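These notes are about the structure you will find just below.
Order of writing sets the labels: A, B, C and D. Residues in every chain begin at 1.
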Amino acid sequence: MTSSETTYKIRNNQSVPLDRIPTYDYSEFRVLMIDLLKNGENHCVNYFAYQCNNRLQFIACVASDSKAIIHLLAHEMDLSATVALQSLTADIPALHLFEREIHENFGIAFTAHPWLKPVRFAHNRKNKTAINDYPFYSIKSEELHEVGVGPIHAGIIEPGHFRFICNGENVLHLEIQLGWQHRGIEELFVQKKKILERSTLAENIAGDTCIGHSTAFVNLWEGLCNYVPDESLEFARTIASELERIAIHTGDLSAICADIAYQLGNAVFGRLRTPIVNFFQEWGGNRLAKGLIRAGKINYPFTPELATRLLEILKVYEIDFDEISAKLFNLPSALNRMENIGEISPKEAYIIGTVGMVARTSGLNRDIRSSHPYNLYQKMDHQPIIKQTGDVHARAELRVDEIKQSIAYLRQLLNKVPASKQPEDHQFVSPANSFAISLTEGWRGEICHCAITDDKGELLAYKIKDPSHHNWMALAQVVRKNEISDFPICNKSFNLSYCGHDL
Amino acid sequence: MDYFFILILAATLVLFALFERVKKFIFLISFQGILLFGIALINLLHIDTLELVLILLETIVVKSIIIPVFLRKLMIQNQLKRVHEVNVPVFYSIIFTSFFILGSFLLSSFLQLPNINSRIFSIGFASIIFGIYFITIHKNIFSHLIGYLIIENGIFLFSVGVGSQMPLLIGLAILLDILIGVLIIGIFVNKVKDRFQSIDIAQLSQLKD
Amino acid sequence: MLLYYFIFSLLISLSILFFKKKKLSNSLIIVFLLGQIAITLFAYQHIDQTDSAFFKFDALGILFTMVLSVLSIASFYYSRFYLDYKDSSIKNESYYYSLLTLFIVAMTAANFAQNMAILWVFVETTTLFVAGLVYFDRSKIAIEASWKYLFIGSIGIAIAFIGILFISVVDIKNGVMALNFDELIQHTKQLNPLWVKISFLFILTGFSVKLSSVPLFPASIDAKTVAPGPVNALMSTALINVGFIAVFRFFVVFSHTDSFLWVRNVILIAAISSLIFSAIQLFKVKRYTRLYAFSSMEHVSLVLLGLYTGGIAYYAAILHLVFHSFIKAGLFYQITGIKQTYHSVWFKDSGNYFRIRPIDALVVLLGLILITAIPPSGLFFTELTIFKGLFLSNNIFIAILSLLLLTVIIYIIAKKIMHLLYGAQPKTYKETTNTSNRYAFIPVLILFALTIFIGIHPPHFISELINSSIVLLK
Amino acid sequence: MMTVIGIILTLILSVLFPGIIAITKAKVSGRKPPFILQPLFDILRLFRKTTIYSTTTSFIFQLAPLVYFASVVIALLFIPFFGDTGVFSFEGDFVFFAYLLAFGKFFMIIGAMDTGSSFEGMGANREAFYSLLVEPAYFLLMGSLALLSNYISFAGLFSALHFNTDLAYLVIPVSVYVFLFITMIENSRMPVDDPKTHLELTMVHEVMVLDNSAFDLALIHIAGWLKFVIYGTLIANFLINGQESTLIKSLEFVGINILFAVLIGVVESFRARNKLAKNPQWIIMLSALAIIVFITTLIITSKLILN
């Protein structure tokens, strides 16, 4: 029995009847998962449980990085049965957070899990009693001291608590506790029935990845309802996601410069971001592109005039951008703050299961645009940019290179603007007892949305996985052996989402 | 006037201890070449054309142009950016270096050497000591090459300081030695990098029994 | 004359490198060897005559060049086996031969150098060629060894240069420098005693890479660990002789100064510490190449002891080097045989050599007897003379210490070689069709026989050469 | 007379100083600059607020800003202007001057420790360490100058600095360079510390005064400005020692100080801050340079004779 025959294989943005997904005993499931994930080309994009008629269904989605397929497999258990499952984390550490989440939501005890702590301590968890002494990893020593930072920060960032164990200025260990912004988004998806409400929810999963999450949602929904979007829709979505990438990467570069106190870079990159987000304003009336991406239609069609305007903006943008990025990467004092700081080796990055930028800076080729292409990426031959060093410098350089790549893509796309139809509401009918999955490469990395419908075709469960999900763990790892004062720059170079994790 | 060059040369030693970027090392090596030319020119009393050409060749052409260009090539080929791994923290290195410099100036003042230009002796001595120190604290063979060049510069200073007239033969010999030495050692840096995927000296410890 | 020799050998070396033809290389090598013999004979004919301003055919140079010429014939002979064993390409082969030729030329030149700068240049040149030859294997450890040799050798030679600078300043006011040894000996009264002392320290330190003595011995030991056998044979013998010549020429100059006692004490310290280091290191060695390399270090320290003792021991020291050259070269030639048998030079992979290759084993046993200075080895007579000198000059404590260390060293060497000869056959050993030449041991036997013969009955010309080379010593 | 003019100029300049830096930085990065007196308005606003003290602090915390401010004001009175002596002047006053500033800083540090916050402890630790490292550079430099001029008071030292030998051309730029960066370190500016950062883990000086508010904070800020001008004046003293009229000297003085502020603005714009672990080695480098100045003065004064 080889794993290739034992899973249901699905492509990105497709749906499948639930009964087609092979269901196993947990022990079999476990062996199969280990078998799949020991292969370096696969990584788990989602593993979750949902409740259905007093039974607990577990579905695991394992994407292959080389073949454009996603393996689906499942196991189930009786809700009343209090069986302890043997944890997969010991074999596949990347799964630790999925198991913690399942443990939190359904009270499943995983044996041999190294740190079975609630992920978010949310009000909708199984065990609703408060935790008095919140467990934090600690080391007893006279020489070490603990520094707790947050959840309220000096800068304007989202809430998160960071617990450092330091030896003098050096960090030995960092534990990150998030969950302060838990809004129950996944449940809201099920509760809110209107598609407009759901679209709005998707836009607000993570404020800085508005396009990424809403694209994932609409692709998922169209895939579920077997609606084939026309080229103009895909065109608009591709343009928007590349624009978002440029805008946020530029803003990140500005923030990195601010953290290393490079005033010129901070000012210039900060200024450069503005015309890009202002273009969203011109296009769809919102600088963060809210209301732009809708299932089955686009309310603000992309016109050839907009294309001309965008090309002008990019032309002006590129001149300044090239100059300041060349300056930044030739400035010794700036390089000293970036090189060999916050390093993550390819091996570590693989074990943690990093995705997106963090993976690509550590030599892992993980880019949904090339491995599971969607929208217009299917027609482009996207070559991911890979860096090897995995330090702050690599992450900054990757941003610069990706911006350049995105600009090139935009120029290529803008050559031919497809004509748009008048926006009209399509009546989506979702099939009963189905599962759909959508993978999108947001600027931060791979976004995974999964939907499951019940016998009436209503949403039964909706699962979201932001790229931050895994990458937070990577951040906690990279600060080790670095100085505590280098934490802000490491954090900024990852720029992970708090609310995307908290959901 | 030669004090001027000598003291700036002393300052470059401090900078060698402070800097960590390969690019800056190469710049300093090149800069030292120019300083050496200044010192040699001022101190050689009866200078004839041939000797001038030789010194010019040795300092400006070889030390501050050919070798830096070659090192630059090495740096680009091996993607060297920084020389981080050091056995002694830079902080202490700077203190040590200051003491090397102060010590060698005081020593040569104290010794009052009869047959040697003690100004040049002091800085040459400091360069050699510093070069050896530089090699011992670094774990990276590219920095060892830099350390070797610092020692060679110190030796050049010695040969200027010893006699007001440097025999042509010795000049030529040093020139040849440095050029060939650096080229061959440089080629070996490449080989080591190819074979070991790193130029960390810790890799080179298989021979011990 | 040497100029023609250089041009001749350079042409040969370059044609070997460029034509890359096996037969042509072989005949060119024979031509070169003939040239080498010719220059040796020419030098012997023109003893004590200068050759241009930079070279002089003096007795010591001639003696060591004779040794070198004999060994280079043998080395080229064994290189054939080594290269066959390595199954190397014609490209590598011509690279090897070309470098080996140049290496021999550089050593010959260094032997005859009369000018300090020239001596210095040629010693430095040997470093470059040795590094190239050590790198021949292209393995990781070969890179490591050649890198270390090159690097430490370059630094050492730079240090020696400072020493040369210090001693060469004879006329302070006019900054006149004497670079010829003969000229310098006439000016010894003008030398500054402090500078003399410091310069000898630098010179000894610098040439210790070649001499394989304290302090810079590790580089040369590492290089000898991985160098090809025939190259190793030259490095452990002829190159050591070059290092000795370099130090000895300065030693002769210093013997005319007031600081001679100080210089001798420095030599003593170097000798004793080398002996101690080699004894300690021998406990740790796990490879035959390293064993032989440290054994060379031991013999060098005995030679240095001879220099310290003076008188009749000068004679013994130089003769000791000649014997050591023949015996050690023979042992290193045998290494190729061991390598062919076990495909390794590690102790753990070897054993039961007597059963596997009886004749070769017999030769190794003979080599062991000779290198540990058991009679009829010539080394026995020289060591006896050196220690006699030590006792007579009231250095009883030093003599006893050295003898103790020597006992330890002999014990270790004998034990390791006995392991090779009679130890249990290693599991890694695989019976192979014996590819080696069955008569490969004959030249080694000739070398050994030569040692015994010279030891028992030294030919007149040898004792004459040695005597005239130490005549300048005070 | 000159001293009075000097002090008045100093006070005016100290108010303008942060404004000039801010304007330079804004201009360089292409932003709209703030009004030059904006920092002063901020301070005035702080003065109107009520000071709030944490319940865990003792009187030391309340005293610290006052002591700090007072120490800086007194230190100001030691500075000589245009070749004239300061208000106070005695032999060895530059040592006293250094200790006075150190005394003020010491109080700030124990004030920060008094709050018991781990951040402020971290900041105080860093600041104390950097101040300690600056000391050798300062004393080596002043010692060298004293050796060169044969005076051991500020006034005498600056009045008797004669740069008539070639080597003095080496002494001036290196001394100015070292002094410039001593100023940057003492005032917690780039590249050692970044006054703009608001990340508690990377701050040095800012984190130390995290708990101070209103009046106390205003005092600390003003003391910081004064310190800038004090060092600016010391640097100016290196360069102004001709026989011009008071007016020209005053203009030169103002010019040098403005130039100084602009220079700081430019330095802060065009480079990134040091990695925190690099700071100690960077600061000790100043001492190494001071040693070279020291050797130079030894050679000039023939204490060190090299043939």
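Heads up, the rule we're going with is that contacts are C-beta pairs under 8 Å (C-beta built on N, C-alpha and C of every residue); 3 or more make two chains touch, one makes a residue touch a chain.
All values reported here derive from a predicted model rather than from experimental measurement.
Any chain bridging subunit B and subunit D, meaning touching each of them, is among A; the list is complete. Across A-B and A-D, the chain pair carrying more C-beta contacts is A-D.
Put simply, the chain closest to the centre of the protein, by Cα centroids, is B. Set against the Cα centre of subunit D, the chain with the most distant centre is C. Each chain gets one centre point, the mean of its Cα atoms, and the points for subunit C and subunit D are 65 Å apart. One inter-chain figure worth recording: subunit A and subunit B are separated by 52 Å, centre to centre, where each centre is the mean of the chain's CA atoms. With each centre defined as the average position of its C-alpha atoms, the distance from subunit A to subunit D rounds to 48 Å. Between subunit A and subunit C the centroid-to-centroid distance comes to 68 Å (mean Cα coordinates, whole Å).
Annotation for subunit C: no residues touch two or more other chains. The residues of subunit D that reach two or more other chains are 278, listed in rising order.
All chain pairs that count as touching, in label order, are A-B, A-D, B-C, B-D. Those residues of subunit C lying in contact with subunit B across their complex are 115, 117-118, 120-121, 124, 128, 131, 135, 140-141, 143-148, 150-151, 154-155, 157-158, 161-162, 165-166, 168-169, 172, 174-177, 179, 192, 195, 222, 225-226, 284-287, 290. For subunit B in complex with subunit A, the residues that touch the partner chain are 20-21, 23-24, 81-82, 84. Listed in rising order, the residues of subunit D touching subunit B in the complex are 166-167, 169-170, 174, 278, 280-282, 284-285, 287-289, 291-292, 294-296, 298-299, 304-307. Interface of subunit A with subunit D (complex): residues 145, 147, 149, 154-155, 169, 257-264, 266-268, 271, 331, 333-334, 336-337, 341, 483-488.
Residue ranges on subunit B touching subunit C, taken from their complex, read 114-116, 128, 132, 135, 141, 144, 148, 151-152, 155, 158-159, 162-165, 167, 169-170, 173-174, 176-177, 180-181, 184-185, 188, 191-192, 195-196, 204-207, 209.
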